[in-house]
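One chain, chain A, appears in both complexes that follow, with chain B as partner in the first and chain C in the second.
For the complex of A and B:
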């Protein structure tokens, strides 16, 4: 009995943290999405903010655009990151450790600074812009285009795709690959039936780690293309410039955030459904 | 002789500077249960991986049914492997695991279902199709691994220590099952193990390997009763190993006495190894025995007692008997002539590279060699040509480093005999193993990458740093092509 109490006591800091920094803020977002705080301090229940968030054309546009950028960026990260992770996992150990540090190195720098750095490479005077102009691939600057946003997202979040995929590939026992070859598989079948299904958990967590920050980021669009509204920049704008409720609380931002959370949640459950299907049926033709 | 299913010709394989397999030639007959037996690092698993195609030999050929398959990738070979740690695919159920090879052959689903059912019946795990591998016990997983291999009806099944991860009781059961399975299916089994009992129980043929060289090939009873050298004798079963001298045909000397034996064909006064199995020694009254000693311990081993008898020369004999002789009893020991196994002392076989001025580099030291022992001059070889270097253990001299001595004031003075150290062909080593053989000592000395067997009268201890000298006229150099003739000669 006392042991149980003891164990429960040990967990208190964790619970406290979760309550203060996750549960309460989430409830507050939900609360402000459906309650308006009046000037006299009283509160009023209303679904107007939520209704506005899902019917306002500007918000819907931003939402769809963000979803599009996030999906494209995640796909690009997957297409680039998966082969890179595969190559990395099959290098000899010393080389592999060195190169994975190189991949991690930019992560040690602040996200904002990295994005500023990228911006200076692809704005009108940027080296990359000049080079591409010289090649005749583009006219004008890269910043300010939709591609700039995707480039920014891929540049910032690619390591988050590579690392989990790389880790899951490292965990694949080489003897399984030998067993498959022994049973008659050529390299393609080994990849399809062993490496791909066994690296899928890494792919799923990679997708999660890229998709969620992509769909919510406002820094990247702001620095690389401030002409388009994404859902992140919209929320930021609402909070910083447009308090529509007493006490500096922005009900619209809360409502949009709430809807965004639901969308992310739905996307994540689709992804993880795909994963558990893979784990069960990975071997089926 | 029945048909050869696999032939290995002059296989060599090195990893970096370590030669794992040295010029191995071996054939495997169709339908036999052959076991590659040896301590870890003897090259048995590498040999198996060369047959399965996962390793490519540096030189030599692999034939399957008379066809050269040396360069064929594993997935195109008609062999299947049962791996040491089962290696079942964790993301597939048992049905999919077993069906894996059949799917690749694009068999119709109905046939696959039928074959999976039959093979599961064969390994006594009917109805396990839907289970996942991690829900099975070790023994069950191993059976599935076997089923997954044999369902493809391979002509040869390779088994890499498949029972190594199982507990003793299960291992014994599986040994019997595997043997029965081999007989039922008629598949050729090539089995790798370091467990001599497992090899003796199951095999039709045993190949004993050590340091990448085949020591002996034979049926289990021959391997046990007629070991060809001291390594095989010690690796298989218990034995008393002594140094002896062959006086003439059918007469040998060890422990200071002469004994009749049944071996012929040795040189006069040739140094030999002598092996006597503990169960072949009869304990008799002290005055009736050929040898005399005192029992110093007696242990019950289940079926027999094991007595240790210390002879007057200090050698401790291991004696097995169904009757106990209590400790402190003076006893005599008798040995029948046909129970005395006489073996040639094996050469240390090293890889060397010819240098100028009749020198040979054996990896970490360069030795002079003499032309008086029939060796060819360096000019007859190509510079740095790879050759085999043979040295008998009794020809290597041990030079002990003088121990540091403390004088009265606690200062340490080291005396080194410079003359000895400066002799040619002297190099450093560290004693790894040490064994008393009745007359002299047999020690294993590690010298850099190589390990040498040395017979010496000098008493050393394990871990001691010593110097070794190989006299130039005791080194035999053979060109690589000449090896096979040379081995036959010996």
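For the complex of A and C:
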């Protein structure tokens, strides 16, 4: 009995840490979404900011646009990433470890630097722009178009699709495939009946892992096409480009962030439903 | 034929992922000062980078924060991992979910929420807030690399040590700690890398008085600044790439054993 109490006592600091530094900051977003900060430092309850965030045409426009870019980019990542994960998972083990690390490393690297690097290739003087102009495919530069944003998102987030799909394919028991072949299935049937259904959890988490950062990024639109507003760039503008922020806090930014948070949590709950054991093997190590 | 197609496809995606970075590195050695024409080899941008005092200050800031944050996060994360390993399944599931929030949540939301949090408890943004924020997002990485090690560790050796008269502290130090050390090490390395490389969370939680390298790069991309930015980006990229390669290949080797 005393051992149980002892264990329960040890849980307290961990919960304290998680609540104070993870849950409370998120509640702060909600707090500032419904409490207006006044110039004299006082606060006032109001639902105006939340109402504004979901009814203002400019914000709605940005949200829909972000959703659109995120959906397209996620689809492209899936189409490019799934076959890649399949090829990686079916390589010789010795080569596989090193090569897969090469494909997955970029997911840990600075998006700002990677997007900047990409922008030098697709801006007015970029090599790829020049090449496509020479081919006659495009006239102006790639940056500044909607395609530039999608390219930037796919470039940045493709590894987030490859990792979970690859991990789920590695887990597939090879004996299942051999058994199916012994019983006379061709490659197509093996893929349809075994590989596809068993890699589906990986696909679902891949979709979430790409979709969430895509919908929230502000670095990519800022560097590749600063003419359009996305949710991320809207929040960033409200906080840093707006004189109305009181001490760094901006109620509009809080309200938009709150809506964004709800979208993200819906995605995350879908993610955890499909990926019950992923928490400990989701990492690279 | 299929083999060739597979290789071609792998090569194509690898090129897509790394070509921009290679071009960026190439232009950091450019004699001219544009990203468009490569006119000859020179190290001038690196010299300029090391002569730029704001930039060097940002480098020191980044290193100090990354070092402090990863040390604190490693100690805290290891402790949390031990507690979580002993939790009942229900408690474990809740704490793992909470722990995963900073990793899965959108970085901009994490950054903005932490900024609001600091403003609310009226700590002015600067070194302290940046350090706290970094510790917060580093801890999950440490926990996730230590936890599997604790699970794999052989409990009977630890119990045998206790039976043979070792105090729990000695048994922990002599038996358990060496067994989970590789996990702690790779967690610490990963935490350092994440801190060193972070942009968005640092952007929202550091004040104007305390600038890190990524935040500095962000201001540089807004003005049409010459290729110092390429030199600086290359510098960060190479460090992070090597650190990650060590963490991952080492991790793979350990898990193969």
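Here, the second predicted complex is superposed on the first by the 238 of 285 C-alpha atoms of A that agree within 3 Å, B and C clash if a C-alpha of one lies under 4 Å from a C-alpha of the other, contacts with A are read in each partner's own complex, and residues count from 1 in each chain.
Methods note: contacts are C-beta pairs under 8 Å (C-beta built on N, C-alpha and C of every residue); 3 or more make two chains touch, one makes a residue touch a chain.
Everything numeric here is computed off the predicted structure, so don't read it as measured data.
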Looking at the overlay, does A:64 come into contact with chain B only (first), chain C only (second), both, or neither?
neither
Figure out whether A:198 sits in contact with chain B (first) or chain C (second), or with both, or with neither.
first
Could you tell me if A:79 is touching chain B, chain C, both of them or neither one (first, second, both, neither)?
neither
Regarding the shared-chain residue A:43, is it in contact with chain B (first), chain C (second), both, or neither?
neither
So in the superposed three-chain picture, is A:16 touching just chain B, just chain C, both, or none of them (first/second/both/neither)?
neither
Once the two complexes are aligned on chain A, which partner has more residues of chain A within touching range, chain B or chain C?
C
Given the touch rule stated above, what does A:260 touch, chain B (first), chain C (second), both, or neither?
second
Name the residues of chain A shared by its contacts with chain B and its contacts with chain C.
279, 282-285
Contact residues on chain A for chain C in the complex?
7, 10-11, 13-15, 17-19, 21-26, 28-29, 31-32, 80, 83-84, 87-88, 97-99, 101-106, 108-114, 116-118, 120-121, 123, 125-127, 155, 158-159, 208-209, 212-213, 215-219, 223, 232, 235-236, 239, 247-249, 253-254, 257, 260-261, 264, 268, 271-272, 279-280, 282-285
Hey, which residues of chain B end up touching chain A in the complex?
52, 54, 73-75, 79-81, 83, 85, 87-93, 96-97, 100-101, 103-105, 148-149, 152
Counting only contacts in the complex, chain A reaches chain B at residues 173, 175-176, 178-186, 189, 193-194, 197-198, 279, 282-285
Give every residue of chain C touching chain A within the complex, in rising order.
6, 9-10, 13-14, 16-21, 23-24, 27, 34-36, 76, 79-80, 83-84, 86-87, 91, 95-102, 104-110, 112-117, 119-120, 125, 132, 136, 139, 141, 144-145, 147-148, 186, 190, 193-194, 197-200, 204, 214, 217-218, 221, 229, 233, 236-237, 240-241, 244-245, 247-249, 251-252, 255
